[in-house]
Amino acid sequence: MKKVEAIIKPFKLEDVKDGLAEIGITGMTISEVKGYGRQQGHSELYRGAEYVVEFIPKIKLEVVVSADEVDNVVKVITENARTGKIGDGKIFIFDVEKVVRIRTGETDEEAI
Amino acid sequence: MENLNDVKYILDSFLMIIMAVFVMWMAAGFAMLEAGLTRTKNNTVVLLKNIVLYSIAVIAYYFVGYNLMYGDGNSFIGSGFALSGISYDDHSLYADFFFQVVFVATAASVISGTVAERMKLIPFLIFVAILSAIIYPIQGHWTWGGSELGGLLSGFSDFAGSTIVHAVGGWAALAGVLLLGPRNGKYGKNGQVRAIYGSSMPLATLGTFILWMGWFGFNGGSQLAMGTKADIDGVALVVASTNMAAAVGAVTMAIITYVMNRRIDLTMVLNGALGGLVAVTAGPDNGMLAATIEGIVAAILIYVAVPMFDKLKIDDPVGALSVHLINGIWGTIAVAIFNPEVSMVAQIKGIVVIGLFVFVTSFVVWYALKLTIGIRVSDEVEYDGLDQHEAGIESYPEFAKNFR
Amino acid sequence: MENLNDVKYILDSFLMIIMAVFVMWMAAGFAMLEAGLTRTKNNTVVLLKNIVLYSIAVIAYYFVGYNLMYGDGNSFIGSGFALSGISYDDHSLYADFFFQVVFVATAASVISGTVAERMKLIPFLIFVAILSAIIYPIQGHWTWGGSELGGLLSGFSDFAGSTIVHAVGGWAALAGVLLLGPRNGKYGKNGQVRAIYGSSMPLATLGTFILWMGWFGFNGGSQLAMGTKADIDGVALVVASTNMAAAVGAVTMAIITYVMNRRIDLTMVLNGALGGLVAVTAGPDNGMLAATIEGIVAAILIYVAVPMFDKLKIDDPVGALSVHLINGIWGTIAVAIFNPEVSMVAQIKGIVVIGLFVFVTSFVVWYALKLTIGIRVSDEVEYDGLDQHEAGIESYPEFAKNFR
Amino acid sequence: MENLNDVKYILDSFLMIIMAVFVMWMAAGFAMLEAGLTRTKNNTVVLLKNIVLYSIAVIAYYFVGYNLMYGDGNSFIGSGFALSGISYDDHSLYADFFFQVVFVATAASVISGTVAERMKLIPFLIFVAILSAIIYPIQGHWTWGGSELGGLLSGFSDFAGSTIVHAVGGWAALAGVLLLGPRNGKYGKNGQVRAIYGSSMPLATLGTFILWMGWFGFNGGSQLAMGTKADIDGVALVVASTNMAAAVGAVTMAIITYVMNRRIDLTMVLNGALGGLVAVTAGPDNGMLAATIEGIVAAILIYVAVPMFDKLKIDDPVGALSVHLINGIWGTIAVAIFNPEVSMVAQIKGIVVIGLFVFVTSFVVWYALKLTIGIRVSDEVEYDGLDQHEAGIESYPEFAKNFR
Amino acid sequence: MKKVEAIIKPFKLEDVKDGLAEIGITGMTISEVKGYGRQQGHSELYRGAEYVVEFIPKIKLEVVVSADEVDNVVKVITENARTGKIGDGKIFIFDVEKVVRIRTGETDEEAI
Amino acid sequence: MKKVEAIIKPFKLEDVKDGLAEIGITGMTISEVKGYGRQQGHSELYRGAEYVVEFIPKIKLEVVVSADEVDNVVKVITENARTGKIGDGKIFIFDVEKVVRIRTGETDEEAI
């Protein structure tokens, strides 16, 4: 099994989630993160002066899937999260050694 | 202190002053309510709009509006500027001005909520200036200013402004929102309505309580006098019935949503209370029973109007149209029902004439703004949130910045 | 304006009206305080409870309660409804009603905090209706209504309601909480007390400031008149000593917690200020020294009572029992200490008779509610938070929903 | 009610009482504003400071300060304590005291913001006690107390306290901050200024609205009488011009920041409104035009002063020095410009004498505190946030604790 | 070394933490996340209409342990986080290549 | 490619970020977490009683880099995040199987 971890623009979450649901992915976990990268942070105005803000709000999406689904998942995320502008984000893929479903104790493929 | 007439002068003036302080406080209520019902990413702009709109209304009404409303002029419009040529025998001029000026800000605040989260800041503020300086005072001249538009509005009765303040704000908002369109994402591709949740129920509730408190000044002060037993009895009835209409509006909405959904919908209850307040405003002197019925009907109207506006794709984040426009009209009609001395024809004439005037003039102004500087932010700004682009600072700016 | 008697009529009525506005504002204070001291997941229901309880209290007291309290009737209970048969020569009827009605809401608000985070919304609101329509007015009839319960309560002195409002709320809350039980997780398996932290110190502090401000109306208005020099001097002393008791309560608690823990405990300081306010309420006309001592003792009592209630496994998220019940009793006793004309026996008789009556009747009502519709949410609802199940919306609803 | 003189006595006293309630409310405004403009990790201490400083000011001024200000004594200092030996023929003593005591708290509140986020709680509170009991009353004795410091301050005119309250708070804050130093991380190694963002724009805005509302009491009540037509006309003009100055301050700042940065800077707009309020405070009776100009200049001064203080490495998280000190001075000077009866020399003498006295005495007190118990928290405490170490509880304490 | 990553119901955190402490685990990191899965989101009521909320608050718990402790840790988490109802969550296990303790520079097993 | 995951003290974030920027790292993702470890939680005061708080606010920093940069990155983080006091945090290193840049579809080293 693999974990697909995607850093995306927040307003793209809904499209990505819907896209994943369409290909039968029914579980995922998301969290709010801040990203730093090529995308220029914007300047802020506070107490009369301007400051550059370097960290930009992003959503981290984590989906654990069986190895053969990975390419499909990556494709769906890429398509749905893309705006074409800098800052669209990245996808990272990791190997998962084991999965357990807490409720039933099922493991691995059955637990996803 | 020389004689009892002076006492009356003092008491009447003091009533206006102290009640105006409570009405001013409503500006904070509108700000908190709107901030609570809109998204965090737009909250700084919401706050900015509310404090600056109040300020602009004060300045515009002082230099221009008050005279167009209360200056001599003709039956369409008053004359002069900066209080020139106006004086009163029976109460302080500045008490009168101070009480009137906070009302203008209320009308302007109504608009703010409806166009929230996608209107540009600058055209909004320009509109507020024009509304406060010209549009609001002209129709105010016909009614509270006493000109009756050459008799056309004679017999029209609106104690504290269900039509003159609240529906006026509502019509101006409606004209704006029709030209502005809904927030991105509010209506799905297949026409379904989607929820865009507000940022903070505590702020929304605080805002409602502030408005409720301020309304005692709004309606109670509109008695404009307390120097006789009849007047103070009037003030007392007005505040008691104002309170009643709000309470009934809230409870009715709680019952409706509980019956329909087995749960009570907080933001609708807040709207219910405010709807009761708007409805009672035209006739808070008509007794407790009138107030009770006005509150019940207000809640029902809002419960029907909120989804109706959504069906029409008129996107109103805070429900201001349902609260202020629909119930402003209902409250004005209710006067004819509960007060035998007021004719229904006069009321409807007033509603229509003022509504038409404000809607049309507002539409023209919004349209001119749209053609020139534009009234809507770009999609990108809407996605990022207006705060970043129009205010330059988020509403809770700390995260990932303040680690020093 | 005809004569000086009219002026007195006007001034007395106006005092009640304006002070009632401040008391109404306390509803917002209770809402913010309770929201700040409870968990985010229950905050929408907290807000809902507070705005609806105020509304229900207004309606119930108007149609039923006010007459049971001030209508003629017999020495146990008044008669009539919707203000029927009641009139006053010396001030506006509606000013009187408006001032009284906001007090009922205060008593009901006290309960809300104690039962927070696990009581069902609907039975709570039913209880509020019964309290406001019947229980509160009956004991009010004996005291402020003047019946003295056939002489049993003659000599009992409670200026603005340490017993009649605050302890009444406290007794009703105590009856409820005994039948309700503590929040899950508050007390560990081995009896240890665990902290359940509130959601927001800014809201809790704002709520306290609002209550403090409102209390000037609560106590100052309870002079009920300002049409003579003696009366306005009375109002002035009352507001000054009210302010003093709160300040002393806050500072005393700051000192206590600093001495005990080398840090100052904010929520206890807030309770300290409120305890001072409750304590001074029975006799704010007894001078600044009395107020000072009442404030000191109030803070000490709260510091002792909060852990005591926890030891008894009486779980009171906001400390309402310590603030309103314990200090309501203390304040009533203090009158006999500081005012030579008031007898300790009369005070204790009043505390016991009213306490028994309210506790027993409330217990019966709560018990009936428990047997019928139930008063406690399920464990699952308590875990998820009441907001999801009873209001259908979280207090800060945005996250993971509003990414459009 | 016996005669018209009694009516005057009553009305004047009532004005003070009701306006004092609004001024008390400013304490909440300062608390919310400071909490909004400082970091979450220090917010509990901010709230604690604000409620306890108000309380200490009340106690210190009652037992000591009021007499040093209004007691007979000599031309430098008054005598007596706890109101001993003071009485008035024409209004209630306690109304007078209540109105005065809330002003002291305002002066103390000004300091709180400037020293926020790094000053220890206990020495701060000790300073407040000394300021309220001694420093503030002594200079108040020279001015409002009427002693004129043996003629040195004769002709000095400060209607509601631009100098006597606001600049006094500002001077005491300046003395403190010079000894305290900036927050860690505020100024980079190479001298660059870094932003330390506040926690909440809604709280900061709410605080500003509260202060704005309270200011009607502050300035309107400072007429000190409404028992004649001239007096109530005075009150009316005062509240109208107070409102105007704030509105103009806000709008001017909105324009400045929009022109400079293409965006409107909310926290500067809030400061602009407050700066207008401080500036108009010395002469709110000088007409609407004066108020307008005072507001414009106030905003400009703040826009210049905020970066200037940063250049001097005087770190003032909320901008209190720019708002209260700079504009307190400007407002006092403006009186001589707009009121032909007031001499510029007298105004400058007043500004300098009072400024010197307060700055020097405050400096001595702060210095003594620094040498003894220390005034600054350790770097570790500053990093962790003061809340953890001085209050023992975070301002939003729930996360990772309340999962039961 | 392995990283055990568990997505659990928030109110189970305390039990899980206590359970882990009992078997000698003294370090862990948690964060607030939102989960999407088989567990039905509840319906919400806003402005008079009902909407389904699909993301549910969860706690993500991360514990890095030596390989031989993994089974034990999984067992403890499973037991303490289980309610038996849908939505109890999942455990994912990853390989950790290296661990460093910042304070001392110690690495791997010594650093945990 | 490797993912370097560091749990650090919040106020050290800026130094760490600047340090990484200096060695040419231009992308990273951060999130707010709570840590439990050797560092003693502090005691809190609430409603008149003291309680121990066991979870301490930390920042989690995630940087994906090519394998040969790992040591350098670890060194920079360690140096910049160290205060020498307990609680400075940990660095965990994971293998990343694949990286995709959403905007361009570039993969692996090119996508970082």
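Order of writing sets the labels: A, B, C, D, E and F. Residues in every chain begin at 1.
Just so it is clear, a contact is a pair of C-beta atoms (placed from the backbone, for glycine too) under 8 Å apart; a residue touches a chain by one contact, two chains touch by 3 or more.
Since this is a predicted model, take the numbers as computed values, not measurements.
Trainee: Name the chain pair with more contacting C-beta pairs, choosing from A-D and D-F.
Mentor: Between the two chain pairs, A-D has more contacting C-beta pairs.
Trainee: Between D-F, B-E or A-D, which repeats the contact pattern of C-E in over half of its pairs?
Mentor: More than half of its contact pairs match C-E, so it is D-F.
Trainee: Taking the mean of the CA coordinates per chain, how far is chain D from chain E in Å?
Mentor: For chain D versus chain E, the centre distance works out to 50 Å.
Trainee: Report the inter-centroid distance (CA atoms only) between chain B and chain D in whole Å.
Mentor: Here the centre of chain D sits 32 Å away from the centre of chain B.
Trainee: Between chain A and chain E, what distance separates the C-alpha centroids? Give it in angstrom.
Mentor: Chain centres of chain A and chain E, defined by C-alpha means, are spaced 18 Å apart.
Trainee: By the touch rule stated above, which residues of chain A touch at least two different other chains?
Mentor: Chain A, residues with two or more chain partners: 11, 30-32, 34, 44-46, 50, 55, 94-95.
Trainee: Quick one: which residues in chain B touch 2 or more of the other chains?
Mentor: Answer for chain B, listing residues that touch two or more other chains: 4, 7, 18, 194-195, 197, 200, 206, 261, 263, 265, 267, 389, 391-394, 397, 399-401, 404.
Trainee: Where on chain C does chain B make contact in their complex?
Mentor: By the definition above, chain C touches chain B via 1-4, 6-7, 9-10, 13-14, 16-18, 20-21, 24-25, 27-28, 31-32, 35, 43-44, 47-48, 50-52, 54-56, 58-59, 62, 82-83, 92-95, 97-98, 101, 121-122, 125, 200, 203, 206, 389-398, 401-402, 404.
Trainee: Provide the residue numbers of chain B that touch chain E in the complex, in ascending order.
Mentor: 193-195, 197, 257, 261, 263, 265, 267-268, 303, 306-307, 310, 319
Trainee: Which residues of chain F touch chain E once you look at their complex with the stated criterion?
Mentor: Touch list, chain F to chain E: 2, 6-8, 31-38, 54-55, 58, 60, 74, 77-78, 81-95.
Trainee: Provide the residue numbers of chain E that touch chain F in the complex, in ascending order.
Mentor: 3, 17, 26-31, 64, 94-103, 105, 111-112
Trainee: Which bits of chain F are touching chain C when the two form their complex?
Mentor: Touch list, chain F to chain C: 44-51.
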